[in-house]
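Below, each structure is written out as structure tokens.
Shared between the two complexes below is chain A, which pairs with chain B and chain C, respectively.
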Partner chain A sequence: MQKELNKEQIISILQKYSPTKDNILKCLHELQDAHPQNYISKVILEETAKHFKLTKGQIFGIVSYYSMFSLKPRGRYLVRLCKSPVCNMLGAKSVTEYFDSKFNLKPGETTTDGMFTLELAECLGRCGKGPSMMINREVVTELDSKKIDEIINTKK
Partner chain B sequence: MSKIIEIQIDSKVVKAAEGSNLLQVARDNGFDIPGLCYHKKLTPTGACRLCVVKIDNTPGLIMSCTVPVKEGMKITAFDEELEQNRRHTLSYLLAEHNEEFDDSYEDEIRPLIKRYNLEKPENRPLKPIWQGIPRVVDNTSPVLTYDSSKCIRCFRCIKACDEIQGKGVLSFADRGISKYIVAGFGEWFNSECDGCGECIQLCPTGAIVEKPFRESLKISEIDSKVITTCPYCGVGCQTEIFVKNDTIVRVDGVDDVSPNDGRLCVKGRFGYQYANSKKRLTHPMIKRNGVFEKVSWDEALDFVSSKFSEIKQKYGSKSLAGYSSAKCSNEENYIFQKFIRIAFGNNNVDYCTRLCHASTVTAMLKSFGDGAGSNSIEDFETTDCLLVTGNNIIDTHPITATYVKRGKAAGQKIIVIDPKWTPLVKYADVWLQPKLATDVALLNGLINIIIENGWIDKNFIENRVEGGMQAFESLKELASKYTPEKTEEITGVSKEKLYEAAKIYATAKTAMIATGMGMSQQTVGTNNVFSLINMCLITGQIGKELCGLNPPRGQNNVQGATDVGASPVNYPGYIPVTNEDNRKKVAEIWKVPFESLDPKPGLTTIEIMNAAYDGEIKAMYIMGENPVVTDPDRHHTVEAIKKLDFLVVQDIFETETTEFADVILPAASLYEKDGTVVNSDRRVLRLRKAISAPGEARQDWQICVDIAERMGFKIGSYNSPEDIFAELAKAAPIFGGITFARIEKHGIQWPCYDENHPGTSTLFLEKFNTESGKAKIFPVDYKEQSETPNTNYPLVMNSGRLLYQYHSATMSRKSKVLNAYANEAYIIINPEDAVKLGLKDGDKVKVTSPRGSLETTAKVSDEVLKGETFMPWHFNEAPVNALTRNEIDPMSKIGPFKYSVVRVERV
Partner chain C sequence: MYNSFPKISLQRFGKINPQSIEDYSANGGFVGLKKALSLSPESIIDSIEKSGLKGRGGAGFPVGLKQKYTSGSSAENNIRFVVCNADEGEPGTFKDRMIMETDPFLLIEGMIISAYTIQATKGFVYIRGEYYASIENIKNAIKICYEKGFLGQNICGSGYSFELDIALGAGSYLCGEELTLLESLEGKRGYPRIKPPFPAEKGLWGLPTLVNNVETFSHIPFIVEKGHEEYSKIGTEGSKGTKLFCVSGNVTNTGVYELPMGITLKELIFDIAGGMKEGFEFKGALLGGAAGTFIDSSFLDVPLAYETLKEKGATLGSGAVIIIDDKTNLKEMMISILSFFKHESCGKCVPCRIGTTLLYERIKKPQLNENDFLWMQTQASYMVKNSLCPLGQSPDLPIKTVVKFFKNDL
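Up next, the complex of A and B:
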């Protein structure tokens, strides 16, 4: 499996965006999503800075400001588990424990096969159907171990 | 001028310009409102919230740094509530702030802590939490250290880098309480930071501090602070030198003074180490049996004067010559040329300007009657269009470039003409990349497009150009041969780009040109500048404010040295040697018989070396120059110097040239001198002695006076450089109104004819300085180079400078800081040529020209065109001038440093 997004691939994505400031975030998201390790690599930083005529520090400032961007490699799928009080009351804690016992995955960690990273998120706004999580852009609600197994299996 | 209005601050009526910054107005009027993020050179930020005031009829507390003043405003600057609020805000800042202090910087936060009685932790409303905040320390830069625990996130450094220096290297990283300043991806050294230190100078809390002397320096125990002119390039930045134990320990920029308004570059701020170097020359030395022996000044002066006299007697006065120096003051150059004209009895005095802007000056003198830049350095910011040709202005004139970058940010159009990529290309609207040495064709092509499209200024041509439309017609006829197609064929620049550049320049409301070594250092150097002038004249982009032609000068006093007469063809103030009336006048000032002054122009730099080679020049006196490295065709130069019967070199260090001297005389450096220099915009600026000269080193002018006296010539008795300047002002009318007293704080731009004359910021507003008062068009054709690439030497080598080194590097390479940035020679090769030659980046290569060869490292980059290469010329171990030829431009006698055919092979 490809581990890096190479320079040519990065440039071909960058070329879709005219180098105006309003395009920077959209462009960075596409680059991060395209990266097999789901993060903003050094090469992405360098090429994006060049494309948008920014200095290295300026692009680093933007990327490090937004928590949705990562400067460290992550799994192909990013699981964001809601840590709000409502989800907690509805059993989010046992969901976290299930990830640990079944997949050996604690919050902030990535599975050894590089497929999944688990993060805790603020309220996802699906309190009525908690516990909830997002897997990349997809929201999954009313979680239990069965549902988690199902969704993980479809991604593998 | 904006309207002057009245406002009230704490019931005191205060006058101010409408719209000016309220905090600044208050402070200017004695209201000491606290504030840490505001700096008068930056746009207001409103981050620290300490400068709060109350404004009548406006609810709440307002940050005064963000308020433009309006007529009738009533301000409360101090009352109990405001002071309470400020105290609380300061306490809040302190909670996140590490107060460790190492005494090496001036801190703006500590006096406030005292003022608000927050010194004792128990007095603070908020308790410290800084220990719990992630701390980022970046120690990778050669010049500074950043410590986030001392940073109050005030934005000053970010704005200093962006708004003042136009670099934008710094940014905030992360968010919220753990926010910190970042350069690059977290490592200062691997960022675009070039070490100018503007952020250090503006940091209010010691979060960014200088590295040199940090361990040993206590800023409160500095012995003296002296304001003088930077010894490096021709911008003439005003610097404040901090001295401890006769050693320079820090250099800051001086605010509110032209040309730099506090800004400095890395050389100016950190390149001072050479002055206190242990390698300085400290005693006179005479070479005996091939070995230099220390001797007394008496012995050295006796020996030098008797040898000069003996050679003059034996071979005649034409057998002697001297090189003056762009690294010496006006007074010293004036005395040196006076020495040559009186004691040697000829006009064989020249200096490195011959290798630099001689062609520019020659063309400008012929066309305009003045050879100096027509505008002020500040104008580089405010003109609508700037055309920069053959001038790597960001590296070679970094502070002039700050004005350019600020201009760009405000909408200025920039055209770059350069065969090699330079950092300015990043800011350019158009970059024309012609093949080397095709400039005349390129400019004629642009002129043709301008004429064809009717973008000429007929009114200007008729009124300000000699011969009016008739002169224009002759240029039109010549330029008509350079159709866009033909020009593209010769230069390689596309028709579209030519059109775009021509249109921007010719149709701009105001346009200025900066021309550099790329234009001047060619065998067609004078023609290159004639072509530029022609374009300038037909578009009328000269003779009014913010328009003109400027050659930024490379060394601290390259302008002044020519102004004061270190020239084989001109007396002080650009009056030709051949002008009898002037010689009479000067003879009277110098108190010498008129007949003793040689009416024939002397030899130029390269002509002097050639005459030495031919055995006609027998003895030379070199003051502060290093021709072995700087003159073209090194092999020839060394042979010529070896043939001399007698060589005296006066310098601050041993150089590649002192090796061949018979006598070495130790001189004072620019930090050890009083006097004046003239910068690129003709500004006469003060030099002030900051430290003592080492050992027995002496002032250059005193050495000249003593040698002359022992040769039997009295060239003047002066008590100080001020006396010399007073005499110079009499001899050179352009300096007539300038005195040391008048330039105590601000320099004056020549011409300044009398004591009431304010000086001249823009030349040629009324008339040109020619006899007719009009400028002259000199149509010139493109000529091919005498040497062109061939099977033996398939590539062409261009050469140039780097930001971090200076000239032959005698001074700059003594600085650890500068060397940390750039200390190695290289040759840039286009990727296509590299493939053909089987070379990779970093390979060791041998570069050979018909004159010689050298070894260096290959750097593969598309900064140069296919078939072309580039080498920085500062490094003696890879001496570019071993490869250049000594063929000269017939009009200006400049050498072609920018064009040599070469062959590159892997070692």
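Up next, the complex of A and C:
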């Protein structure tokens, strides 16, 4: 399995975007999504800076501000648990605990096989059916242990 | 009962394929736009002003007035922008997502009309990064609109040209604030700007910019098509039109409901949303999300409208209606709210950076007493006075109202 997004791949993504500043976040999203380890690597930082004619520091500043971007490698599947007041009221804490007890996975950690990273997220906008989470682009609502097991098993 | 109320934002909800422009056109789509392009921009702004439409993002600023200011601001080379704030992130709010997922062309139509009124040449829909389905829908709808001549050069043969693109957020609540959103759209860290100047004067890249919420834009085609008289028949004296209410908590039928302004909480929860789930008793609500106000059962008969709630010290905000029941742990809820503000504070203004942390630490203390309540309220009011953007001003309302109604639960 490919571990890195190489320079050629990065450049071919960057070239889809004109170097106007409103494209920076869109571009970073696409690069991060394309990276097998779901993060903004050093090479991505360097090449993005070159493309937009900014310094590496400026791109670093942007990346480090937004919580959806990561400067550290993550698992192939990113699990985002909603911890907003509503999901919290509907049992989000027990979902976090379940991930810990069943998969030995705490928020911020990645499983040793590099498959799953768990993160806590602010309101995911699924408050009508909390507690909720996202696994990459998929949304899962009204979570219970059965639903979590099912979705995790389909990804393994 | 619910279906008997007029619908604007959700008029095509579930009735059309959101990806199909044919479905949209066959169900009344683009009638408002075609009419608008035959009218003068001034007359449309006038009509929107008379309709009484107020911004649906939370602040409730009169939309027509904002348009007037934006079109009246002097702009270099006459470049003006229209930006849709689709960075929905207020806890308990999920209404804009509904519009984007079920009727994306409605949002685009509303944006094109608004752009025409201020003669904007370019627009952006700034969507939060986590809303993948909304992003795909809007992207697709924009592409189709270009193909069919609703976007780009010479729209519908009118001679008016307008470009529209999407922009993505990346997980910052603060970017839902209009000036911060513009910073982010310019590809920077999401730090708030000092206002004034407001976006109407100096917005995106320093040029006049009209920023509205998704729900606000979705009302524009109706006003143009049916006229402001028809629109202002809906709602109350001070709050015209319909509103999307996002009901969450232990209620039988949670979800987004479009209802006329002025409906009461009792009607919303007990007549329309099916009442409380078995085993749960209604205790109160948090209106307007984490930055909103707590209310108790004495508010059940108060009309949900800007002016009626304001009179009683509450806010409608974005339309989040988080129901609290007899089993809700309010202390946990306050911890969660204050931890949210602490996490989302950008750190630019010292009172907010330090204040949100201090408040979070204090609320976690077991058994709060009167002194703690007083201290927290004082801190929050300092933050209101000394923070640049609404985030630093946000903890004030929930703290004051939770103390007012539920201090024994803390």
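Note that the second predicted complex is superposed on the first by the 156 of 156 C-alpha atoms of A that agree within 3 Å, B and C clash if a C-alpha of one lies under 4 Å from a C-alpha of the other, contacts with A are read in each partner's own complex, and residues count from 1 in each chain.
In this section, a contact is a pair of C-beta atoms (placed from the backbone, for glycine too) under 8 Å apart; a residue touches a chain by one contact, two chains touch by 3 or more.
Given the structure is predicted, the values throughout are model-derived calculations rather than measurements.
S.K.: Just to be sure I read the superposition right, which of the two partners does A:102 touch: chain B = first, chain C = second, or both, or neither?
M.R.: neither
S.K.: After the superposition on A, what does A:86 contact: first (chain B), second (chain C), both or neither?
M.R.: In the superposition, A:86 touches chain C alone.
S.K.: Can A:16 be said to touch chain B (first), chain C (second), both, or neither?
M.R.: Neither partner.
S.K.: For A:65 in the superposed arrangement: first (chain B), second (chain C), both or neither?
M.R.: It touches chain B and chain C both.
S.K.: Which partner does A:55 reach: the first (chain B), the second (chain C), both, or neither?
M.R.: first
S.K.: Look at the residues of chain A and decide whether chain B or chain C touches more of them.
M.R.: On the superposition, C touches more of the residues of chain A.
S.K.: Once the structures are superposed on A, label A:7 by its partner contacts, choosing first (chain B), second (chain C), both or neither.
M.R.: After superposition on chain A, A:7 lies in contact with neither partner.
S.K.: Same chain A residues contacting chain B and chain C, which ones?
M.R.: 61, 65
S.K.: Which of the residues in chain A come into contact with chain B in the complex?
M.R.: Those in contact with chain B are residues 42, 45, 53-58, 60-61, 64-65.
S.K.: Spell out the residues on chain B that touch chain A in their complex, using ranges where they run on.
M.R.: 167-175, 182-186, 190-192, 426
S.K.: Within their complex, state which residues of chain A touch chain C.
M.R.: Per the stated touch rule, the residues are 21-26, 28-29, 52, 61-62, 65-69, 80, 83-86, 88-90, 121-130, 134, 137.
S.K.: List the residues on chain C that touch chain A in their complex, please.
M.R.: Counting only chain C, the residues touching chain A are 88-94, 97, 124, 128-132, 165-173, 184-190, 246-250, 254-256, 286, 290, 320, 322, 324, 328-329, 332-333, 336-337, 340, 343-344, 346.
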